[in-house]
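Each of the two complexes below includes chain A, the first together with chain B, the second together with chain C.
Let's turn to the complex of A and B:
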């Protein structure tokens, strides 16, 4: 089965996904909202994520025997119309996240490497990668992630080391100056960038569980969360009042090294390797968006749904019609509320829904 | 898959790769004027005179990095001036490798250069970790003295300030630190003041070649990107006594007609807020006998094997440390600038407020304790 994946592969991929999107425009946005308290907002966001992830993993454990897919679970537990509505919300999230990621990468390439190109040509290799992910299945992405994981992790660490030594963490004091209410609210209004575990819904039926489910996933989650919080703290400690203006955090952090000032730009190399994780994240989300459409449309295509794949690839052109800022200030700003359903509420209900779906399937089979 | 399909697939991939590769706008390194250093002076029409040390790949030999040329252009703003560099060199000006930004004396002392700081800090290619400094005289003159150093002036300044300054008790700053200091809380910060010091030509094979070195023992203080005052060597030495990352200060003591030179090897500085709204500062200094080639040495030099430093000498040095440190604190109060982050220390406790940001330095009483030990 081309969508089968082991828990270890899933955990590595999850870690890459957590690291893959949080180091672009998010730190600057949070710094604009909360100043030096932005890292606290990230902690709260990860706190909700951690709770939801535990429930989702519990659901995976329950689903181990029956191997029901997310569509079947939702169909059997909350009815088909609700199931399709939820899948539609998932689809919108995935499409928006892909486009925000691609927009950020496009900007990063332009400003960091001084490479300019048009969007369509920029998209060609991305579309090819996404098509590869959709056509070859989740196992292919997981294997690719597994191969590249070491390199990406080394790059992230290399980018971090020097700024970490330079940062004066005392600048984060006093803690909570922005106000705890505002910090909590921001962690909710910026929740769009979190809940990377949502891809797990779409491989629930293909997860091979040998022994542990919780340990590898929670270790990945812990490492990813710690790195993200650390990056945010380093970012605001280093750049202070300038942080909201530096919309490409990783690019700016990589530059910050007194030692490399007279020795060239090795940060460009490590930054390029790290960007691979962003493209893997795009491929994963493209795969999930395709799965959403496939499930919404039903089994009209036996092997491969060309129409669904074409729609997903077409949505990559969205930034040609609306800038990332427009998307953030309109669709994403108001979409946070419906997104909460699938990002935070659904995982909490997932064990219950899985049990219900299992019971109803057994009854139907009898 | 049939052979026909395989060939078609390969051709498709090749075509796609060719289209993608061709569409990325060529930013060939040969088409770039790589700028190593920039100097900014005020021009006669109140615009900018920009001096750039440029490496143009393809113009030299394999050792292209060591050959640079100095280009001087005019412009109404820094942006226009940098575009003019491109016009003069015939290549796109690339700031990604720029290691130093030098502000000429007239420019740094007479102009509010907020727009310049903002331009470079927001420039995507220009490194925030690049060295920013000001100079005695014009930046153009300074860059044109590179020949006397037998190396790139930009690299000489950057290497000196980044790698040597802290070891010889000279604090230094990056663009990021300076930009932040000019916009946060009390809005004061400093830049090293670089000057070219001519020296005697001792090379008989090149008798006409000018020679010299770059000195950076003075600092200029700025507030909101406007010049406040110049700190001389003694005041800089005083400032360095409060900076644990800076070391190497030398002190000379005379005892029994013997000149003893001691050097600071280690320092710990504890700056604590007190209940009166001031500070208790404890500077703990470890010293050892200086090297015979240390500065400030005159007369007979104390033998290196004389390991124990007499208490009298230690006491004398402690007094000197206190004197230079207090001299610096006095200038901080007199010119109302804050390089020791007094305001920041209270911000970390009380949070940001306009009252704190406006509090003058004279309202921070300081109790200074100097401890000295042989290290």
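Let's turn to the complex of A and C:
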């Protein structure tokens, strides 16, 4: 089966997704809201994520015997119309998240690498890669992650280490100055764009479980969380005071690097290697968005549907009309309740829903 | 169809080498053979001499007399008889269309020699030849066990090529054996002139890029692969045996690896890997760094590059594409030329032509150097030189148009493509994707042979223990 993955592959891919997205624009967004306390917000958002991930893993463990996909689980447990509505919300989330990732990458290329291209010219090859990956199956994406993981990890570590000498960790103090309530609220509102575990919903029928589910995934989660918090802390220690005023982000960090140009900007090559994880993340989210359409369309859907691909592609042209930041703020304003439902409430209910779906499937089979 | 002398004679009507010898041994007999395919001495020794001075009452007596030969059999039908005849057997008929075929095949072919494509410093120097029987003998010589099994097939409507599927019973996965045999039996083709014809049919995914079926000219390598659970397919008329399933890492392995020190082997393999990756990416990176992201290049090197390419009338992309294409033309010409001329041609091409182009201001020295370096690197993976050369051109083109974004997207697309491939239950990128730590003992790094206690898990097998 093209979409089957082992727990180890899933854990590695999850870690790559954390490394791919969380470093791109999150530090700057949080710094804009909370100043030097932004790194605390990252800790809280990982707490939310951790709890939801545990419940989702519990559901996967329950689902091991029946291997029901998310659509079937929702169809059988909460009725088909509700299921389709939930999948539609997921679709919107995934497409918007791809847009935000692509927008940040676009900024990175235009500001850091000094290469400005038209959005469509930039988007088409990324979309082509994503659709190629979808056609080849989730398993191919996971294996690609395995091949590139070592390189990406080295590049992330290099991103940490190279500016450490310049970092002033005194800037992290005093802790909690922005107010704990505000820190918590920001970690909630901003987390909608940076919770990476939600892709797991769409592969839960294809996970090969040998022994453990929780251990590899939670180790991966722990490492990802630690790296993210550390990078945010380094970011604040380096540029925290500049971020709100100059819209500083990882996507522009290369511009401010103090590397000696006589020796060349080799740090850009490191950034390029790390960028592969962002494109892998885009491919994973495109896969999930595509799956949402597949599940909503049901039996009318063939293996690779060009109409669905076109819908995903069209929605990815949105940043031509509004910036990623504008999209983000608008959608948080209007979509906070449905997004909270699928991102934070649904995982907590998934074990129960999975059991209900299993029971109803058994009854139907009898 | 029932065997009939008349029908057989009709089939070969008008053929000068179709020879009939009438014998009278009490009963009237006809010995038939194809002159061009038989050895006269064998016809005399195994057919004519045993039947001389015989006064037989029945065909069964003739059969007994002919039993002095080792290859004697009764063909079940006309097609089998015709096949025997084309293979060099002599058919003996009585008046009632009883038939017996005697092996009188001529041994025309070259003798066993060191294969030109797999030369080694240490290790066996025997190579396969074009005769399937000799090739199986070479395998059998190394596998003195009844567990070494051979399934004989015939493929090709007109060539009737003998194909032998070889494996070790108890090691090779039966389902893989069945699957390979099934695929070979289903091949409908006029002729099989070389094993590479069958390689295309054995490739489950019919991929157009990258080799999916292994090939070797060395029996020791074929046996080594069979001991890991693979199958070897020997095709009559081809010195190249096929091996399945096939992994990408096998491209990094060389025939001499197992006869050298494992540390040296590991170093060689890593060098091969680095040179292949660099060969594919170097021209693209050179172009996109020169056009878009020149800041990455160290300042002094950048000045050198700019000075060297200032007067060049082409853009960096065109310049690099020219260098790569010229290099590919030289390589192709070198392959086709007689070996003595080939060496001179490559020297003239590489040194004189390159130098003249730089002197004339048509190409920059850095571009020629990068192109040459990339071209040499490709030869560390000789079986895939053409495919890698094609990829190199494609990545350079994309990098030239789109910069680093293009290079990143191209590399990702290539890896996704490779990662999606699976043949005979074997993922192409194993043991790296999926990650199989146990198999890394003989992937890029190699542990000493005494420490290889387990067969690779990525290759389906029925006995994972190398110690029996």
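Just so we're on the same page, the second predicted complex is superposed on the first by the 343 of 366 C-alpha atoms of A that agree within 3 Å, B and C clash if a C-alpha of one lies under 4 Å from a C-alpha of the other, contacts with A are read in each partner's own complex, and residues count from 1 in each chain.
The working rule: a contact is a pair of C-beta atoms (placed from the backbone, for glycine too) under 8 Å apart; a residue touches a chain by one contact, two chains touch by 3 or more.
If you're wondering where the values come from, they're calculated on a predicted model, not measured in any experiment.
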Margin query: Just checking: does A:143 make contact with chain B only, chain C only, both, or neither of them? Give me first, second, both or neither.
Written below: second
In the superposed arrangement, does A:174 touch chain B (first), chain C (second), both or neither? first
Q. Touching A:340 in the superposition: chain B (first), chain C (second), both, neither?
A. neither
Which partner does A:269 contact after superposing on A: first (chain B), second (chain C), both, neither? second
Have a look at where A:238 lands relative to chain B and chain C in the superposition and call it first, second, both or neither.
-> first
Item to complete: Pick one for A:361: touches chain B only (first), chain C only (second), both, or neither.
Response: neither
- Task: Based on the superposed arrangement, let me know which partner A:118 touches: chain B (first), chain C (second), both, or neither?
- Result: first
**Asked** Which holds for A:315: it touches chain B only (first), chain C only (second), both, or neither?
**Response** neither
Chain A contact set shared between chain B and chain C covers 113-115, 117, 125, 128, 261-262, 264-265
Counting only contacts in the complex, chain A reaches chain B at residues 111-118, 121, 124-125, 128, 170-171, 173-174, 177, 238-242, 245, 248, 251-252, 255-258, 260-262, 264-265
Per the touch rule above, chain C residues touching chain A in the complex are 292-293, 295-302, 398, 402-409, 411-413, 415-417, 419-420, 427, 429, 432-435
The residues of chain A that touch chain C in their complex are 2, 6, 8-9, 109, 113-115, 117, 122, 125-126, 128-129, 132-133, 136-137, 139-141, 143-144, 146-148, 261-266, 268-269, 272, 275-276, 279-280, 283
Per the touch rule above, chain B residues touching chain A in the complex are 16, 19-20, 23-25, 27, 94, 96-97, 99, 121-122, 124-125, 127-131, 155, 158-159, 162-163, 174, 176, 179-180, 183-184, 344, 348-352
